[in-house]
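What follows is a group of structures, each given as structure tokens.
One chain, subunit A, appears in both complexes that follow, with subunit B as partner in the first and subunit C in the second.
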Partner chain A sequence: MNADLGLWAVPLAVLGGMLRVSTPFLFVSLGECVTEKSGRINLGLEGTLVFGAMAGYGGAYLTGSPWLGVLAAGLFGVLFGLLHGFLCSLPKVNDIAVGIALMLLGTGLAFFFGKPLIQPAAPMLPAIPLGAWSDVPQVRAALEVSPLFVIGLLIAIALLFVFKRTKIGLVLRMVGDSADAARAMGYPILPVRIGATAFGGFMAGVAGAYLSLYYPGSWNEAISSGQGLIAVALVIFARWNPLACFGAALLFGGAGALGPALQSVGVTEGYYLFYAAPYVLTLLILFFTSSRTKALEGAPRELSITK
Partner chain B sequence: MSAVSVAERFDDVGASEVSPSQARAERPILEAVGLTKRFGAFTALNDVTIALMAGEFHALLGENGAGKSTLVKSMLGYYHPDGGAVVLDDREVTIANPRDARRLGIGMVYQHFTLVPAMTVLENLVMSRVDVPSVVNWAKERKALSAFLETMPLKVPLDTPVDRLSSGERQKTEILKQLYLKSRILVLDEPTSVLTPEEARQVLGFLRARASETGMAVLLITHKFSEVTAFCDRVTVLRKGAKVGEGLVADLSTKEMAALMIGERELTQAPGRDENPKSAEPVLALKGVRSGDSGTRGSLAIEELVVHGGEIVGIAGISGNGQTRLVELISGQAQKTSGEIRVKGEPYDASRATAQAMKVRCLPEEPLRNACVGRMSVSDNIAFRTFDRDASGSKIRLLDKKRMLQRAQELIEVYSIKTQGPSAPIQTLSGGNVQRAVLARELAGETDLLVAANPCFGLDFGAVADIRAQLIAARNRGTAVLLVSEDLDEIVALSDRICVMFEGRIVFECAGGDAVDTTRIGAHMAGHH
Partner chain C sequence: MTMLPLNRRRLLISGSALLAAPLLMRVSPAAAASLTAGFIYVGPRDDFGYNQSHAEGAAALKAMDGITVLEEENVPESNDVVKSMESMIQLDDASLLFPTSFGYYNPFVKETAADYPDVQFRHCGGLWSEADPKNAGSYFGYIGTAQYLSGIVAGHQTKSKRLGFVAAKPIPQVLMNINAFTLGAKSVDPEITTQVIFTGDWAQPVKEAEATNALIDQGADVLTCHVDSPKVFVQTAAGRGAFVCGYHTSQAPLAPEHYLTGAEWNWSTVYKMFAEKALAGGALPNFVRGGLVEGFVKTSPYGPAVSEAARNQTDTVKAEVMKGGFAVIKGPLKDNKGNEVVAAGKAYPETAVELESMDYLVEGVLGSTS
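On to the complex of A and B.
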């Protein structure tokens, strides 16, 4: 039986939303963060995400293991990433245009191959019950966390370390910040960028599997509500810092849960306005954190949007 | 190839004797044989052979666009030559990229900086090594590098991101990087353009000593004859992509070297200074101008600075003392936090419209970055000031490409800009020619205020003479010229009045001319008085 929490239900729902909704944002933005650090933007991640959702669901259904589904989604993501990476390495090809094309290709292919998967039920990913200590059912529900969320947090911390302390991370930053310098120091440019885009694809694929195998936990054509695209903006907003990506993902997850939460406590009017909360939030934060003198500080200088 | 056969070519310049110091280093450690490099239909380098002996300091001379940078870049794997070979220690080697060169112990300081702007000096230095460990222990690296810096005559801050360094500091970092890498062969492409004469002497003296002690070979590209005569053993001269001579520095006079470089051409004579064109009203007046966080590097705090029409005011100072900010304020790249800037008595906001109305022109430092769009053509870049006006100066809506091309063609002639044509992207021009193109744009038409930052940075002596003549001619026409330069000789040679900047303030002012006390100026530049 649900206990009546009154208005407390709202922050609780927002917390639950943060933990549940944020994961796809987190994975896509961490992957995109690596791609952008290398000097490329992959706008096609939305397509990769949707395809990943389909491939993950199908993989889990066929093998009977949700984790194999996640792996399959990631591997298909790598393929999309490689495709983007190679196409953009051809002379005079623009990464943004290729990204948009791949976004459409990814969703189209997912719908095409995913038709027969709408009916059958695939095994779902398990959850970690962080709220087991409480006997309030809503608290338990809110604190149910996917292992992928924890893995995402660990990846964010690992990336911070990689960017700061490891050779591969420093090479990545060099390639993204000054291709000339990297070339003069003899580091390869294209392989690094292709690798970084493939990693971004992997992460987006996994994010898709999370959608279909954990939350909301089914495969249909409306599975994504643009998480793949928003996550790309999140990276800019997080100023290319993986931990900030984590924070931004939480914020977006929480804001996204606001509308449904208000609706559930009986706010009947205007709650749908709160469905727009994440987008309004983005605009507000971008507005208030913008600065005339520090525009795009920290942006990799090789990015086509900053060049 | 032996040293003897190379020596036989000396008779080009009448220096066929092999001197004792030559005999000591019997065979070249690095040799490029018959290198040819084409960019499209244009031959930038035509069958050039050059040999470097162990322990020698070798100068490579040539006008802007002669192919000096192209030659060394082709030797070091940055470009892939279309013909010829590179021989290291008597063995032909393939150097496919600069990393190969590094592995073979060949290091290069590029003319255009190749540090990663967002990374700190420490990160840049560590990443330039061949053997970067997969996980970097920064505490250990910092300690090792600080210890290394102790032994060096040059100092740079380790933890500052490179984009906050001044050009001079970046150049020092580049040189330190090569020393840190213990290169056996060192190629320097105009390393001293942004150093003060004192620093330049220090650096070259240090490298000279290192070369004699350790047998390191140094190839120095420079436009300064004083550096050649003071530090170099041998010289090779390029003209229009071909080798036109080589020999011992001891056997050649500056005049002979200059003649080899420019061929038959006549040099521009500096026009005399007209007396009294100085205007009564100041053209540029700064009052209480502050910009940047006070006290930090590169910030500005000027109580008063005026420039009258018909005078050249020289701003001397070591790079990083706010000069860049001063130029940026007038060019509109930076904002002042307080104070006022007036041009001809009117408030000046550095917008394009105001600059156009008040006839303010600007030649910033690193013009390829600050005053050009690299991927756009030479003619487009030259038209930046005028593309929206027709011949009579009234606004037009559609670009007149034909006129732009024609105008560019004229200026290319007048300023002898070496380019494959007006429609070549400006970034394919040699360093000095980018400078000329920007100057052509800025000086064309009427100018009331001209701000020039290091206008002769990286120019050959012919071009230096040209550009100095242009500046004096502008002054004689009544233009107010604010000349910001790190080259004290240049300031002294051109200025009517000299101001010294230190930590963003003007700390000393005196009249220009022959009677200038350069020691006093130098002391103020260094901050002791």
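On to the complex of A and C.
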């Protein structure tokens, strides 16, 4: 029997939404963060995400193991990342244009190969019941967390450490901040960038597998509804800081849960407005944190948008 | 310095080999038959939902002699549908077209029908009027009455007296389904309420899952929906242990223990009728509608959780419906703001034209149309 929570249901649903909806944003934005730190933008991650969702679902269905599905999604993500990386390494190729092309290619291929996968049911990823201490079923449901969410948080912390304290991080940032300096020091620029883009692809593929194998947990052609694109924007919003990416992902996840939660407690007028909440929030935060002098702080200098 | 042997030629060679792979999987269409019918869907045809219900109808035609069936899916409600129709007509000699999505009709089907007077167009949604081209037409089913029957089953099943409804947009057909479902449940116990959440669009998997979770958190223990593909909804609700009533097609395979019953389309009746008339060379009707009686809609078989009492009452009401003229919406009826919307003594059977401009939610529905 469910307890009647009254208005407490709203913050609880927002918390649950943060934990459930944020993971794809988190993985894509962390991957893109690494790619952009190396000086490239991969806009094609939306396509990688959708293809990852399809490949993860198919992999889990064919092998019977959801974790093999996640792995398959990540590996296909690597392929897309490598493709972007190699194409952009050719002279005079624009990374944004290639990204848009790969976004269309990824979604198109996913729809084509995903056709026979819409009907069957694949095994789902398990959940960690963080709310087992509570006897309120709503709390238990809200605190069910995917292992991928925890892994995402750990990756965010690890990336922060790698960027700041390790040689790999230093080389990555040097390649992204000044190709001339990296060249002078004798570091290989293209392999670093290709590797960083492949990592971004891997993360986006895993994010797709989360969508199809955990929440909402099904493969269909509308599964992403633009989350990959929003996540790429989140990186800029988070000023290329992995922990800020984590916060931004939570914010977007929670804001997305606000609309349904408010309707469920009886605030039913103007739900289209509540659905716009994440975007209004972004505009407000950008407005209040904008600064004439610090606009590009943290931005890799080699990015085509900041050059 | 070139660390990697990259050049355009190698990329193009390996890329084109990859791109050619899908071509090997193409199957050539069957040879000419005496009638070619084309179906156009707005989404994937195996979505456990609206498009699948039409594809099942199309599959029934494939079994008939002398008919070639063409299908195209994921066609947006834009000029794209005109291109799809023209390609079916010009390249495949289609003479009977079924563009199945509501938004295809105006202006796309109307204009194409005027351009190709020898081809018959029948659109799902019931929008045809006398002023439109005579080679166009409409068909639609009254599925609200089937939702009423689902509501009776849900009313017996609920322990919390709270039902949940995940809806896409507040258009008359959706409102009719919400109201009919609620009235069915209230015929079992007037205390029952239905909480509705609108997701804002027809295919929003993440929002549908969030809405389902929010409804269950608020105590709803039997849920149904009106979105294009109920797959995510059914899996999420059953995963939380709630019971579900299906929509569009049967979702029983997705949740065998938690599926109670459902309101399904049965388009094969309509498509077979059109195809038989066309094969015989007769004129096709322009305006076709029907409900449970005519076999345009049906209800899913009861799931294992449905009680004996629920089966009995639902079967009794269904027998009543099958006699014809049954009215779900009848007075006295108030909306959920307290205004009287149907006066006492007045009844609107499913064929009533007044129901097509429904803009209210009945008493007992928690939610708002805007």
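Things to note:
To be clear about the criterion, the second predicted complex is superposed on the first by the 307 of 307 C-alpha atoms of A that agree within 3 Å, B and C clash if a C-alpha of one lies under 4 Å from a C-alpha of the other, contacts with A are read in each partner's own complex, and residues count from 1 in each chain.
The rule is short, and it goes like this: contacts are C-beta pairs under 8 Å (C-beta built on N, C-alpha and C of every residue); 3 or more make two chains touch, one makes a residue touch a chain.
None of these values were measured; they are calculated from a predicted model.
Clash-free side-by-side placement of subunit B and subunit C is the outcome of superposition onto subunit A. Legend: residue contacts after superposition of the two complexes on their common chain; A:Arg173 is shown touching subunit B, with no touch to subunit C.
Seen from the C-alpha centre of subunit A, the directions to the centres of subunit B and subunit C diverge by 140°, a value given as a multiple of 10 for the model superposed on chain A. Of the two partner chains placed by the overlay, only subunit B lies in contact with A:Met185; subunit C stays clear of it.
Once the two structures are overlaid, the count of subunit A residues touched is higher for C than for its counterpart among subunit B and subunit C.
Residue contacts after overlaying the shared chain place A:Glu302 against neither subunit B nor subunit C. Once the two complexes are overlaid on the shared chain, A:Arg165 sits against subunit B while remaining clear of subunit C. Superposition on the common chain A brings subunit B within a closest Cα-Cα distance of 8 Å of subunit C.
Shared interface residues of subunit A, touching subunit B in one complex and subunit C in the other, do not exist.
Residue ranges on subunit C touching subunit A, taken from their complex, read 1, 3-4, 6-8, 11, 22, 43-44, 46-48, 74, 159-160, 195-200, 203-211, 213-219, 221, 229, 231-232, 235-236, 239-240, 254, 366-368, 370. Taken together, the subunit A residues at the contact with subunit C in this complex read 1-2, 4-5, 9, 12-13, 16-17, 20-21, 86-87, 89-90, 111-112, 115, 118-119, 121, 138, 141-142, 188, 190-191, 194, 215-218, 220-223, 225, 227, 256-257, 259-261, 263-266, 268-272, 275. Taken together, the subunit A residues at the contact with subunit B in this complex read 165-168, 170-171, 173-174, 177-178, 180-187, 292-293, 298, 300-301. By the touch criterion given at the top, residues 78, 97-102, 108, 110, 112-119, 123, 126-128, 132-136, 138, 335 of subunit B touch subunit A in their complex.
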